[in-house]
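Below, chain A partners chain B and then partners chain C, in two separate complexes.
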Partner chain A sequence: MTLATTTRRGALKALGAGTAAAALPLWARYAGAQSAAPIRIGFQKHATGIGATYGRWYERVSQAAVKRINEAGGINGRPVELVTEDDGTDPKRGAEVVEKFALEHNCDIAFGTLFSHVVMGSAPRAGELKLPYFVVSEGHHVASGALNRWTLQPGITDVKSQVRAMAPWVAANLGKKVTMIFPDYAFGHDHRDNFSEAIAAAGGEIAGLIAIPPTETSFTRYFPQVPAETEVIYHVMVGPGVLTFVKEMGEFFGPSRPQVFGFIDSLEGVDLTSPGLEFLEGTYFWEGNPRYAQPDQTSHDKAYRAAVGVDDNGASVDDPRDVSTYAHMFGCWETLNVIRAGMEAAGYAGPEDRQKLVEAVEAMTEMPLSDDHPQGAKVFNGKTHQVFGPQYISKVEGGRLNVVHTASIEDGMYPDEVDYTTQPF
Partner chain B sequence: MDFGPHLMLALIEGAVLSAVLALTAAGLSLVFGVMRVVNVAHGEFYMLGAVAAWFVAAAVGGAGPAAFLAALALAPLAVCALAAAADLAVLRRIAHDPERTIVATIGLLYILQQATLMGFGPDARPVAPPFNARIAIPWPVWEEGGLALTWPWGLSVTTYKLFVIAAAAAVLAGLWLMLTRTRAGLVMRATQWDRETATAFGIPVERVYALTFGLGAGLAALAGVLVVPIQQAHYLMGGDALLLSFIVVIIGGLGSLPGTLVAALLIGMSEGIVSVFFSPTLAKILATLLVALVLVFRPQGLFGAAGR
Partner chain C sequence: MRPAVPVLLLAAAPGAALAHAAEQGFVLLLPTRAWIASGVATVALTVLLVSLLPGRAARGLFAARDLGPGRPLPGRGMAALAGFLAVPALLAAGLLGPRDPGRNLLPLTVWTVFWVGFPVLHALAGDLWRHANPWRWPAAMLRRAGLRPCLRPPAGVLPALGLASFLAFAAVLLAHPAPTDPRRLAAMVAGYWAFHLAGALLCGPRWLRRAEGFALFLAACAALAPLAREGGRWRLGLPGWRLLVRPDPGPLAAVFPLAMLAVGSFDGFNETFTWVALLGLNPLEFPGRSFVVLPNLAGLLLSLPALLAVFALTLAAGLALAGRRGTGAAVRALAPALLPIALGYHVAHYLPSTLVEAQQVAAAVVEPLGLGHVHVTTGFFGTLATVRTIWLAQAGAVVAGHVLAVLLGHALALRHLGQPRAAALSQLPLAAFMVGYTLFGLWLLATPRGV
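Take a look at the complex of A and B:
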């Protein structure tokens, strides 16, 4: 076999040429940067891997939000541009993507990550590069203090908050003895730890805990572990196996099922009328944002649905079988609007103002219900870098989800666990 | 759940897994046996079968069994044709060289997987089973006055799962008859035994190879179609299928159909039982350990013939 011969000199030459080529457009851009150069937002997309269903919708929503911002004049008079990179829903690749945004694409900030393990893998690198990193992940890791001053979650509530808002309602309306079924990694453990604590506080108890490996494809084998005294099954699953999971749960319990309360993550992006899901009739779901347009729909939700191309059933207007990840993707829309507000408050002009941007977002508090925040009013906690908002509980009736309870912002509040503002930049 | 019903449930789950695994692994084993090609893209043909089933079922439409039956008939044929074309276009050009075909089929794996992601999308999509009644299974218990039947919570099977087991058994029996009783099978066995002598006797070896590769992929695709009403079609579903198939053919002996069947039962059942009573991770550890032991003490597999 012959190998292409590479000499040291040849390699150096090629490297030098590459560096020069990469550097040239940079100078050209800086020449006009004061006025019209676009603000570049690095979008870390789960285009492949187990997060791909979410990634596709996160991108559609983000593009729609950027379009709206640009039509309204951009940010500080400059247009906004999304720079999309696939992270493969993989933590290692996620860190590389963040690095690429900062060093190669000259992005002003990074944005848009959902899966908690990718956030955990990427955030330390964003901190080292001093790149503001806006995640849309609902993991508790931001507010728990595990990350750093450069990582913020201003557009979606975290699991701890969601779970605390749900537990009293579950105990009061469905039953006291709860068996939890959750994925066996950080996101599922957030559910396990926080719900166990919250249900005990609400006078209930945990009957069983069933952890399922995240790559599992067959679930019947886990259901025998459900203790017979269980009154409520609490399920939260993610990934491509979710429909199988719900279907097999129905087949296992048959006509004698206990009450079932799930996080819509278990069926995000899945049509509720899919074959095998009939047994869900009469069960309950947490929803971050109601998938089906409700009778009391706000004008803001209406405008948002139209902008992102989703119909009243939560599916794409182009293809009714293409169901959106409606309960989560509003987070991208709201986060981008927070970024705009932050950049405007900070007088953001370029990467040298990144610290000012973080400080401006930390100073935010109230975010009223509006076209910028269509899911509901929010309260941002600058110390923990985490936003708080309303939560919805819906019941499956006639193959659609009808909201039966709205938990207030205060229901999801908890004492601060960190003060990022005391950390140095 | 009590021990007895729990074990029963584990056995049923194990049997379904074994059935699907036996079909997939038989395809892999056949391709290796006849062509000496380690087909790394085998799991993707399984995935393509499931994806093609979704397309056919969606095109036929309707809630009845027609959509599934059409998929059952058409999807494996389509995948079979695609695989035969891939053999002619790629593997024949590198002369079915054992090492280069591994690299080539790795390439094929990524092409098929990413093309599916682009064309079919990242969602898991369901196909409705033709029938799916839930059968609660009674369990006998001794009570005062004799034997009584109880209906334990959760002990059940669906008619579709029983159908998967029966269908896999029927297809494997058919494959066995084809290989041992027909002229096509004779030609394939002759090619397997000695390629050069077969060529000398006028057997069109290249054509036999293309058909074998197609047949192997078709078996995987058929397994994919059977599994899609239980687990939806998804572009990444081929990974696990490939891994388990390799485990099965290594234990059973590459190229041996009875060995494949026995190993599929062994792995499927132990996976079912161990993962129900202990943990699925332990089941995978045990399967991998078994592979290691077989490779050390009986490298040709339980049923494989020693190298000539």
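Take a look at the complex of A and C:
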């Protein structure tokens, strides 16, 4: 068996593995592996609930990534299969889903969760079951030390890193006196605390902090609180009120407004050319990955868009109005490629190798810009289980987002807050 | 995602699953206040016009045109068999099909085709469920094999069971943590089917007309069908004409339209910022359906007695104005006037989710057969123009339902009280109730939702 395997692998290599493998029928492609049984990746999908818009795109990207991995020969000679379960964007169901992956569906690992509260609800169960749990959440809860050795975030940067990386450019280019307008709960408070610290380090200062109650839907009475010396307004409004917020801000300040900087999370899935969004013109956004193909687009981004079915405007090739969650969903693609690399490094053969897989990913450091990492080069911190990468700042011009700055990986770095590798498995 | 109307609240309901922040963001940019005012004014104007209408003209609105003698449509036997065969097929889909509720034909059929689509279909085409329900064929076969009904429950038991069965369905929709999970839904569908088959065998065919909640729901919608066979003749009239040629419903049957409206209203209300904030939750980080099971159950169960009390008090006030008595009889006579409101809100509430789920149904049918790829898009939630069109269509359904309810209420009151003046006076509080409910229904469409 071993001999046969070696021989067939050798033959495949001689043919040029990738192309040849892709040309073979599925059964023959994997017949050389010790087991041709698929590697089963439990995909925790926000199919229903408040995360459904993201869930739809996370799934499209994940399926495209798995297809590419399989066409290149799978993982350790085995095909990969996504086992999808709906978590209802609900922490309690998230934990149930993780349990189903481990005990019912015989999945090798769990993957894919976005919403923070679902990650927080699911990770403890993954730890108890000793199931590697790869999240694509951008929450700081992984690197903060709140989770466990079995939970990793190797495919998307966390919010703390994103926020900090914005400060040097904002201070140098938009203005040093910043007023922050944020929703008055944990999400907004994290932005407030992290950005306040980073802007001070970049030589700027906070001119004002305006906390908006989460149920607010009209904002005109808050704008007079913006101090007159404000040069930049930093906003992180989310939820249904966000378009009203930006519109009312535009009406309040008129042409003499301060510079305006926000996070694209507010407008993921929204067509920026839609009437009603004119007030966004000339403002700046953080983007996790530039929605619009840029003049210096890499071949990697081009290949990624083609594989996922997204056009140069970040919309589906099947419906130009169906705008993707482009700033976040690359994390699924990159995470699946990290999983493949980790399984190959660990010689992963089955659930008994789960610990080896976690250790292999913890040992990773540099991930170069490539078709596996089309958003940009990354540095993985094995101690905090968190990846670091570039961040993009784009300006709305003519209804599209043009990248004006790429923040370096170092701009988003911060001191470790945990060392998971010291925790027992 | 983001499920929402009598049918379901999208946020809390399966449809809610499809709540889309961008869509709501655009709704808040629309001049909905002015549109709501126009909608309310339209209903108020209808009240004014109808109160000036001579009695004969009001009755004439609902006179159906005789299209001649007609036989029942053929193919009912096949429909019964198809209805029965659908059960094992759907259960197999639930148990063996994809685990993603957006790809599995069981949740898509139950929540999108049955719960959302069938009421509308029945309001257009009449009572198809009566012929195609999944019990008719097996019950008939077993009867043919010699099984005889052996129970004759006292009057009122079957309608009470019917109401309970409808509310149980609504409770799953509004309060179950995972109403779309294919396996759990398969267990619930199998249980529902077995329970009602046993009832039909023990109590005979009348069980299926009176004790099965979905039959009552769809029959109520079918009462609004413009074209129907009554007394052996096909007739065509304004939706609701059939209610004026039927006797008043019994007390429990009269509660049914109120239950439909209560379920629909709470379905909408439980998604709002107002409700979520009332529960002490932050609507911007809704913690999931698991956290609101008990409050939603309580809200659903309280909404029916609350609506019934308001409705009865409204009618009592109207009777007092007209110098008449008999609130119970008035509730029975006038409750059917609420059906168009319930149906109009059903259409409005579920329209956005249906635009997505109908594509999912198409994909779930087409793709496994290898007939091509269906791209499920939500692009129409991402531009102001399309969101405006969707909102106006929703509001149109709400206003049309109320206008029809005002007309129907007037005609039913005339029939009940006999004298036009007494009818007009008795209608004033009910008219105010309907104008107020228009405002409530339109507010539900415009207010931010957190689920």
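Please note the rule applied: the second predicted complex is superposed on the first by the 337 of 425 C-alpha atoms of A that agree within 3 Å, B and C clash if a C-alpha of one lies under 4 Å from a C-alpha of the other, contacts with A are read in each partner's own complex, and residues count from 1 in each chain.
The rule we apply is simple: a contact is a pair of C-beta atoms (placed from the backbone, for glycine too) under 8 Å apart; a residue touches a chain by one contact, two chains touch by 3 or more.
Being a predicted model, the structure only gives us computed values, none of them experimental.
Asker: Which partner chains sit in contact with A:85 here, chain B, chain C, both or neither? Use first/second/both/neither.
Answerer: It touches chain C, and chain B stays clear.
Asker: By the touch definition at the top of the document, which applies to A:228: first (chain B), second (chain C), both, or neither?
Answerer: The first partner, chain B, only.
Asker: Pick one for A:220: touches chain B only (first), chain C only (second), both, or neither.
Answerer: First partner only.
Asker: State whether A:185 touches chain B only (first), chain C only (second), both chains, or neither.
Answerer: A:185 contacts chain C only, not chain B.
Asker: Is A:316 touching anything from chain B or chain C once the two structures are fitted on A? First, second, both or neither.
Answerer: Second partner only.
Asker: Which one hits more chain A residues, chain B or chain C?
Answerer: Here the partner covering more residues of chain A is C.
Asker: State whether A:117 touches chain B only (first), chain C only (second), both chains, or neither.
Answerer: A:117: touches chain C, not chain B.
Asker: Taking the superposition on A as described, I'd like to know which of chain B and chain C A:254 touches: first, second, both or neither.
Answerer: First partner only, chain B.
Asker: Report, in rising order, the residues of chain A that make contact with chain B in one complex and with chain C in the other.
Answerer: Common to the two interfaces on chain A: residues 48-50, 52-53, 55-56, 215, 217, 240-244, 269-270, 274-276, 322.
Asker: For the complex, which residues does chain B have touching chain A?
Answerer: Those in contact with chain A are residues 1, 6, 9-10, 13, 17, 63, 117, 121-124, 126-129, 132, 134, 136, 153-154, 156, 158, 229-232, 234, 236-237, 240, 272, 275-276, 280-281.
Asker: Report the residues of chain A in contact with chain B in the complex, numbered from low to high.
Answerer: Residue positions touching the partner: 48-50, 52-53, 55-56, 213, 215-218, 220-221, 223-224, 226, 228, 240-244, 251-254, 256, 269-270, 274-276, 322.
Asker: List the residues on chain A that touch chain C in their complex, please.
Answerer: Counting only chain A, the residues touching chain C are 45-53, 55-56, 59, 83-86, 88-93, 117-118, 183, 185-187, 214-215, 217, 238-244, 247, 267, 269-271, 274-277, 315-316, 318-323.
Asker: Please output the residues of chain C touching chain A within their complex, sorted ascending.
Answerer: Interface residues on chain C, with respect to chain A: 1-3, 11, 14, 16-22, 24-29, 98-102, 177-178, 180-181, 273, 277, 282-291, 375-386, 448-451.
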